[in-house]
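There are two complexes below, and they share chain A, which is joined by chain B in the first and by chain C in the second.
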Partner chain A sequence: MTLALYVPRTSPVHRLPAGVKLLVLLVLGVVVFVVPTLPAALGTLLAVVLVGLGAARLPVGLLLRQARAVAVWAAAIFVFHALATDVLTGAATAVRLLALVLAAAVVTATTRVTALVAVVERLCAPLRVFGVRPARIGLALAMALRFVPLVAERADRIREAQAARGGRVRGPRALVRLVVPLLVSVLQLAHTVGEALDARGADTA
Partner chain B sequence: MRLRRGPAGPTPTPDPSRGIELLGVGHAYGERMVLADLDLRLTERRIGVVGANGSGKSTLARLLNGLVVPTSGRVLVDGLDTATAAREVRRRVGFVFQDPDAQIVHPTVAEDVGYGLENQGVPAAERAERVAEVLARYGLADHADHPAHLLSGGQKQLLAIAGVLVMRPARIVFDEPTTLLDLVNTRRIGRLVDGLDQAVVVVTHDLELLAGFDRVLVVDGGRVVADDRPTPALAAYRALMADR
Partner chain C sequence: MKTRDLAYIALFAALTAALGLLPAIPVAALPVPITAQTLGVMLAGAVLGARRGFLALLLFLVLVAVGLPVLSGGRGGLAVFVGPSAGFLYSWPVAALVTGLLVELLWRRLNVVTALVATVVGGIGVVYAIGIPFLSLYADTSLAAAATGSLVFVPGDLVKAVIAAVLAVAVRRAYPVVERPRRAATAP
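This part shows the complex of A and B:
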């Protein structure tokens, strides 16, 4: 499971406030779409890689893993545009996607989840007037990051159990057979997690 | 049928000498009765609970910190009713689950340990200090910023326990803490439990874990059928299971 998480370092990028990094990410996302050219996309990608590997001293493997995770989508977008519009547009769009994914990876790898959650809670604070509890949104975000790899692991275990008994592990039928036991497993997990939150003093009432 | 809660009144002053009291406690899930006629006073420092699968021992464990409210009778912790003072009860009684994956709610180790303190409103500086101290004590200091899902099973259980200990509860309930662990980690958790200052209630199938305990309860069919020192209680349990 390729989920970028905090990589402890003492770099200037790590020390930047989480809110600033998220703002930069937002601006970057807007800029690459406002200037939809290949040089702009390549420049952004280069800048992200330089910041990630140079200033933040992140391991090359981390960025490569993230790049690999979206490689198929980037290739599909490139082929689609190459056929529907032209090769340059295809290349620019694919590089743009790659740059944004890597930029997001740099932000998550240099920022503790609690710092990201604190920003989200601050941003959601005005929603209190509508009865929204920002702390709950923050907790949901942190738990999503925590449980994505866990649910993927459970899906793998179910697939293994099915394969061990001669079941198919690929194709649409295998996917259907995975969904129900995974759902049951996740619901059981959710019940226990709810109890654990109560036990640790969360305000779940 | 849930226990009817009385009118909100002033919370009684907690009295730690009272321990955990179960007064005429029974519990049912729908029509299925899982615990009945429990009258217990738990004041010893080391209490074990054993019983076959489905005997009701996990429900009994959950009653002790208010995760489950009894459908009849009352559970009092230091004199506080778990039905009406759940938050205060949970500050006093920590709970360690069988599957640490269900208990770890934050992506990285240090953040997860700090979670309970955040709920208690502990200031950030003190939080960081207490988290670092607990991680160091349980050999997780080098893993502070590691993703929790990449820890080994034993490390995850240590993390789950650290997340409870950092909240400094007076008592801790362990629900089968070694069931998913290998021998080395089982022994490590056993030593950890032995070394705790807190009073503990340990629900387990690992009878070795209970050596040196003060008291062992044997649960069968939703009732406590033996309640004694470990040696006679475990002998009674073995005799009970031999007939099945």
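This part shows the complex of A and C:
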């Protein structure tokens, strides 16, 4: 499935366990807020870019795309602080935001979805106390991953069927006409999948 | 929790993701294009009810966190959880929960108007009540400034609340999930 932000490479960053990378991200997030100065923010940003491009050999375009996604926010925050407080605070806040977002992007690009799902399942293990079974969470995740392309495919099929019968395909009315049969169809599907899984002993897992 | 409920939860997590893949509708006067994603938030609560709706959006956030580009605009990964608009993201499970609670409460007399109350309070009220304070803390701006900045999303959200209400009523008639109709009572 191409629906992932993972970039396959053989680098030390890629080989690092997913749990460790998440922990580093968490620590980084705390540190930049505890030390809210411009040099600290710039240092963090530099380190993140070095790790991402140097150690993990990620494409520059990927980091640029992530940076562009928050550029508007960063600019708005900078302008607000330049007017309300001072330019230095504005720069520090904007750079801090950029550093954090890029750090998270590096973790995401260097860690497989399956590895992160495994971390989620492990993190959920303590919830056993409340009667939550981690395996059930894994099952729900696996189903959701499968349902994303399936829902899109069903939507396409209904839209084509309606277009073939002369239905309009644009506007809010067309959206309602599309989503009602789509919801009913996929709710029935989910019901069937649930029963099929139970018939194969999923409820005892 | 039954496996069927797990499937419903996974389904609405996937549906919210699929809605995010739809291209955003740019509106000339607004700096932000209208996306269909929060429609998924309102629908999860309105169709599945409070508990399953909450879990569906929680699962959706896990999908985002593990690196699927399922947020509108193809965003995803852990980056979005540390950005200034992360509060809106965190609000979604709560929004689905509140929408679901109201729909369960109004289930017997659910029509477009009562459903609209649920989608507006849950899908808009809760989202802004959590998202705006987070934004103001994060960007170190006043609450008022953060609120004005978020106002641009309100017209689009109102359109989505109406669509979600119409859909919720239609689905309730065709395939009720919150409360299954009692066969014995309705059979002639």
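Going forward, the second predicted complex is superposed on the first by the 129 of 205 C-alpha atoms of A that agree within 3 Å, B and C clash if a C-alpha of one lies under 4 Å from a C-alpha of the other, contacts with A are read in each partner's own complex, and residues count from 1 in each chain.
Note that in this section contacts are C-beta pairs under 8 Å (C-beta built on N, C-alpha and C of every residue); 3 or more make two chains touch, one makes a residue touch a chain.
These numbers were taken from a predicted model, which means no experiment stands behind them.
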item	value
Touching partner for A:L62 - first (chain B), second (chain C), both, neither	neither
Touching partner for A:L98 - first (chain B), second (chain C), both, neither	neither
First, second, both or neither for A:V51, with chain B first and chain C second	neither
Partner chain(s) touched by A:M143 [first = chain B, second = chain C, both, neither]	both
Partner contacting more residues of chain A (chain B vs chain C)	C
First, second, both or neither for A:T111, with chain B first and chain C second	second
Partner chain in contact with A:V70 - chain B first, chain C second, else both or neither	second
Touching partner for A:P8 - first (chain B), second (chain C), both, neither	first
Which superposed partner A:G201 touches (first chain B, second chain C, both, neither)	first
First (chain B), second (chain C), both or neither touched by A:V193	both
Footprint overlap on chain A, where chain B in one structure and chain C in the other make contact	3, 5-6, 113, 139, 143, 145-146, 150, 189, 193, 195, 197-198, 202-203
Partner chain C, residues of chain A touching it in the complex	3-6, 22, 25, 29, 66, 69-70, 73, 76-77, 80-81, 84-85, 89, 93, 97, 100-105, 107-109, 111, 113, 116-117, 120, 136, 139-141, 143-148, 150-152, 155, 172, 175-176, 179-180, 183-184, 186-191, 193-195, 197-198, 202-203
Touch list for chain B against partner chain A, complex	62, 65-67, 86-87, 90-91, 94-95, 97, 99, 101-108, 111-112, 114-116, 119-120, 144-145, 147-149, 163-164, 167
Residues of chain C that touch chain A when the two form their complex	1-11, 13-15, 17-18, 21, 43, 47, 55, 59-60, 62-63, 65-70, 73, 75-85, 139-141, 145, 149, 159, 163, 166-167, 170-171, 174-175, 177
Parts of chain A lying in touch with chain B, wherever the complex brings them together	1, 3, 5-8, 112-114, 139, 142-143, 145-146, 149-150, 153, 189, 192-193, 195-203
